[in-house]
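Below is one structure, written out as structure tokens; the observations come after it.
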């Protein structure tokens, strides 16, 4: 936030949360917030250019232990993105796993101002926060992994939903986290014994099923006024034929009533969960089936996990999945299981348009966006860096906006795209309003951040604005891609941070976190069991576990009261 | 000509206890020593606390001999620290890591004094 | 007298965090529980560098912090190839300022990993690292292998807290239902506890790993009767134990990183772990030495993209251990000034490299006098992290833990000193730029 | 033909510190078409500052060139702290008189470099084509990959007159390396293609290889325990044992061939 006034004049504004669809409009900002009018402002002339709220990324891996392990073991990726320091910017490195500084600058250049770190191992939460502090410009939050935790599974087994909620509240507070993240529930615990779990398998020794874990956490989440639903990476990610597991997973929370007007489950990187066939040999797109489900139901939102062709670094708390991937490629593989909680795996991967499976994966992400009718249910992501680095978002935007570009690309790719994917037969093209929905409106709303000034330009909103150097009529895919890669201006909290594609200021961002407020009696009851876990099984003490305030120097707290 | 041995270095408990106390007598007594097998002590004709000179192609250093069970004949161990490093190669073979273990060395009894740490450092300042 | 619990030890990579101490008159008077003898020695304290000092005509003259910081900044700002080295025995907050300073002055920044587990990092960059947190080992491991590591001397609490002797969820009987294998050149105190001790011929680790791998993949017929001083029979027995384990872990130390083949020994150790993983759960972990050597690797990686040996002379990072690692720069006489913080190359670098260090301007930041002090030109005493200053550190398994401050001090913390130097450097550079115009 | 002579001034590396000069900006293809004055103004990195080539080198130019192929650079003076000689070069010729520092001929894709002396580590790193001749010894990681990469040299020819250091041709995928002397440990580590010939002795050659061919004409010390003997065969009239490996990479991937006397 900077003091002073700014007027963005005559831009063509796309602000879906406020229903503004390509209207010529002035945006007034004072002391970092959008206001009705200004008196003596600095003026930016946006005449004829596309103006949107700052982008909000709902799911990316940009900070923390596994991201850094990805950087550490890929010096060859590091040397791809080198840029020398400038008066404003720190030195940059990396393409699929950029350093923290490059992460902030590159997102800001694309007009993004908020990014959600999608997976924070609670025991290593301090690490995630240390990196977040080093990401310039962006506001961030991080979601702790709560599904493979022994405490969670114990309460799921005993069926005590209130105590589960007390634990969920405690761990979100202890990690300064934002919401409930679920990754291969049960499967990651099983992976500690080199095994995995399907949706209805019993987790070894714990005698609960992934389905029970998801459903219980869905219920626990709604016991508070949580801004976001549970955020789910389901079982069997990346396995041929997994689409039925995916829709069965969605069904689990169908009966749960959300605390407010939002879904009860956000299903992430859905591309990886929309697979037909039985092996890689007869692998095919089932995006149609998934889209059909989402079209017919209101309790699920998704993000794409759309593929960017080329080399990337895959990383997830889904340890067994990364092991399978490494067995296919034979490349380097890092795994890091985290006691009583979660795990992670990392391996480099090359998506090639010459390989049938990769081509179909590439199609699936875009099919989901095009086949799901209501863009308010869809967020644009690449599950950075899993399906490709975030720097590829403008490519996806240009694909969604141009059937011609999709057809030209498909013509150069493996012919399986015509037999085992639907993309070539889809005519729909996104307009800029829909792009604004899937990159800011929907994401801010799904995360509940619209009530905290993100993702829109109504009075009171944060002065986060992206001005793209194209006119609303632009249909050329190449020019669209170029414009979305480097803004004419990015404004963060009323301060110009990017001008003509160059970073001109790099202020520190804020860390958003949620404080679920649980009944103290429930918390006390839960605590005995929790302390026992620390005394006997954790390798750190209870007192040294919670993230201290020092790790969140620019806090933004959102309280989530208990719904009695 | 001394006796040919392989030299290795490494941590010891007392060395660790004195990491922040390297100018002390305790550190000197622990680290300016050379552990070897009983066999090698006899072969060299050196008594406990007797001085030995250890030479490699990178230099030479005088330390106190000490018998240590479990050390195979032909291997000598000097705790990590300034004395052993006087004779370690700085060639990292393109890996950044000097070879602190498995260095070809020669060892012989000597009457020469063991240098205290400050005097040892002075030899680098010439 | 005040009792402080959950104290975090700032000595080795174990970072024990359940220590209880007594503090009286602003001094730690007793370590009641939790620390090993080495950690206890650290917490109780030793003689200090008493004052900032600058060397004049061969001897150190006391001065103020401001004067020492200013002098340090002058040296660094003027240097064409400065080296900033150490960073492992301080907190991440100080390390971050170090990376920023390195960028500002176009320095090479390197940390003690380069003479410790740097080879392990190189190996990870080749094949990755299947690993886990120490609590996983505590709760699950039924086979523990220490290879070229002697925790009884170097990480005294390691077996008790995390591995062979500890008790956890599936290991509630402690060592009773576990197997311990030790591979070493010498029969160390750790080796004496082992169910199987493989006494390896010095420097032959690489061959032994390859033999184990071939066996784990089922090609024992090609393996000769003896490899690296170990009989085929013993190797087969070890392979059998590995396959039959439910959860195996290899901890490796400098016995492997310091010897011939260096990082490629570790590549092979990791490849062996991968081979074992085709049969059962198997993990591997380096026994990191300093309490925050993992932390400087983390900080340096998220800030520059690389964990150690980073050359920022061109304004962006060039990473290449073996070229821009501290020992190489010094042996090759490449650098013209050095800042040494929280480490002691005077004691731990090969003589060849100390010889050059003694000739160039050296700034030392450390709580304690040590061999490096003997030739340092600017000496800046620092508060002891974990006793007099708090901050973040990373345990050997990359778990971040916050060091606690136990007593007050008048010494400046590393972070403040570094910020002081950075500020002075910027002032000098700003002035130079105005003069150029 | 055009000859560009670059002689490093004595004072550059003659001081207490010997700060290296990086000359990746001084290749025949980059200097082609430039006048003497323009060459003198080309920037080179010396430590953390960029300097004019003319300030660090005595520069002279003789003759004319119609293309980069016709440009020959002769480097003289104490080159033992001159790094990246011919790094990335595409055409033409470089002759370095004396010992050269690291990364000589790294990433080169064409042309020819002759080192009349020893070359330090990473000579021919990730070389794609062209020819590199080192008349003396080569340091470690000759023709290897950059950190983390899984491909080293892919093409071209390298000849070392003397000995070579550790890990010759690591992750090599193509091209040829001839070492006339001995090679230190782990020649052809992770090799997957191409050909290495060691006329002298080698230690632990072929570890983790999955393709390509290594011939050791001298002795092999510490033969890898994970190679499979196939047959005895004759090469140039001499008897060799043929092994395949490395079985430590699993049999499916063990497609490397190692000839040992």
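Just a few scattered comments:
For clarity, chains are labelled A, B, C and D in written order, and residue numbers in each chain start from 1.
Everything that follows uses one rule, which is that a residue touches a chain if its C-beta (ideal position, glycine included) is under 8 Å from a C-beta of that chain, and two chains touch if they have at least 3 such contacts.
As the structure is a computational prediction, the values presented were derived from the model and not from experiment.
Nearest to the common centre of all protein CA atoms is the CA centroid of chain C. Chain centres were defined as the mean of their Cα atoms; on that basis the chain farthest from chain D turns out to be A. The pair with more inter-chain C-beta contacts, choosing from A-D and C-D, is C-D.
Centre to centre, using the average C-alpha position, chain A and chain D are separated by 45 Å. Chain A and chain B, compared by their mean Cα positions, are separated by 56 Å. A straight line joining the Cα centres of chain C and chain D is 33 Å long. A separation of 34 Å divides the Cα centre of chain A from that of chain C. The residues of chain B that reach two or more other chains are 93-95, listed in rising order.
Contacts with at least two other chains are made by residues 73-75, 78-79, 332 of chain A.
Among all residues of chain D, those that touch two or more other chains are 121-122, 140-141, 147-148, 167. Chain contacts in this assembly follow no simple pattern; the graph is neither a line, a ring, a star nor complete. Residue ranges of chain D in contact with chain C, taken from their complex: 16-20, 45-49, 81, 102, 121-122, 140-141, 147-148, 167, 185-186, 189-190, 204, 207-208, 222, 224-229, 246-248, 250-251. Residues 79-82, 105-107, 122, 125-126, 204, 206-207, 210-211, 213-214, 217, 219, 222-224, 227, 260-261, 264, 267-268, 271, 275, 312-314, 319-323, 332-336, 356, 359-360 of chain C are the ones that touch chain D when the two sit in their complex.
Chain B meets chain D in the complex at residues 93-95.
The part of chain B that touches chain C in the complex is made up of residues 6, 8-13, 16-24, 58-59, 68-72, 75, 77, 80-82, 85-102, 117-118, 120-122, 124-125. Within the complex formed with chain A, the residues of chain D that make contact are 146-150, 253.
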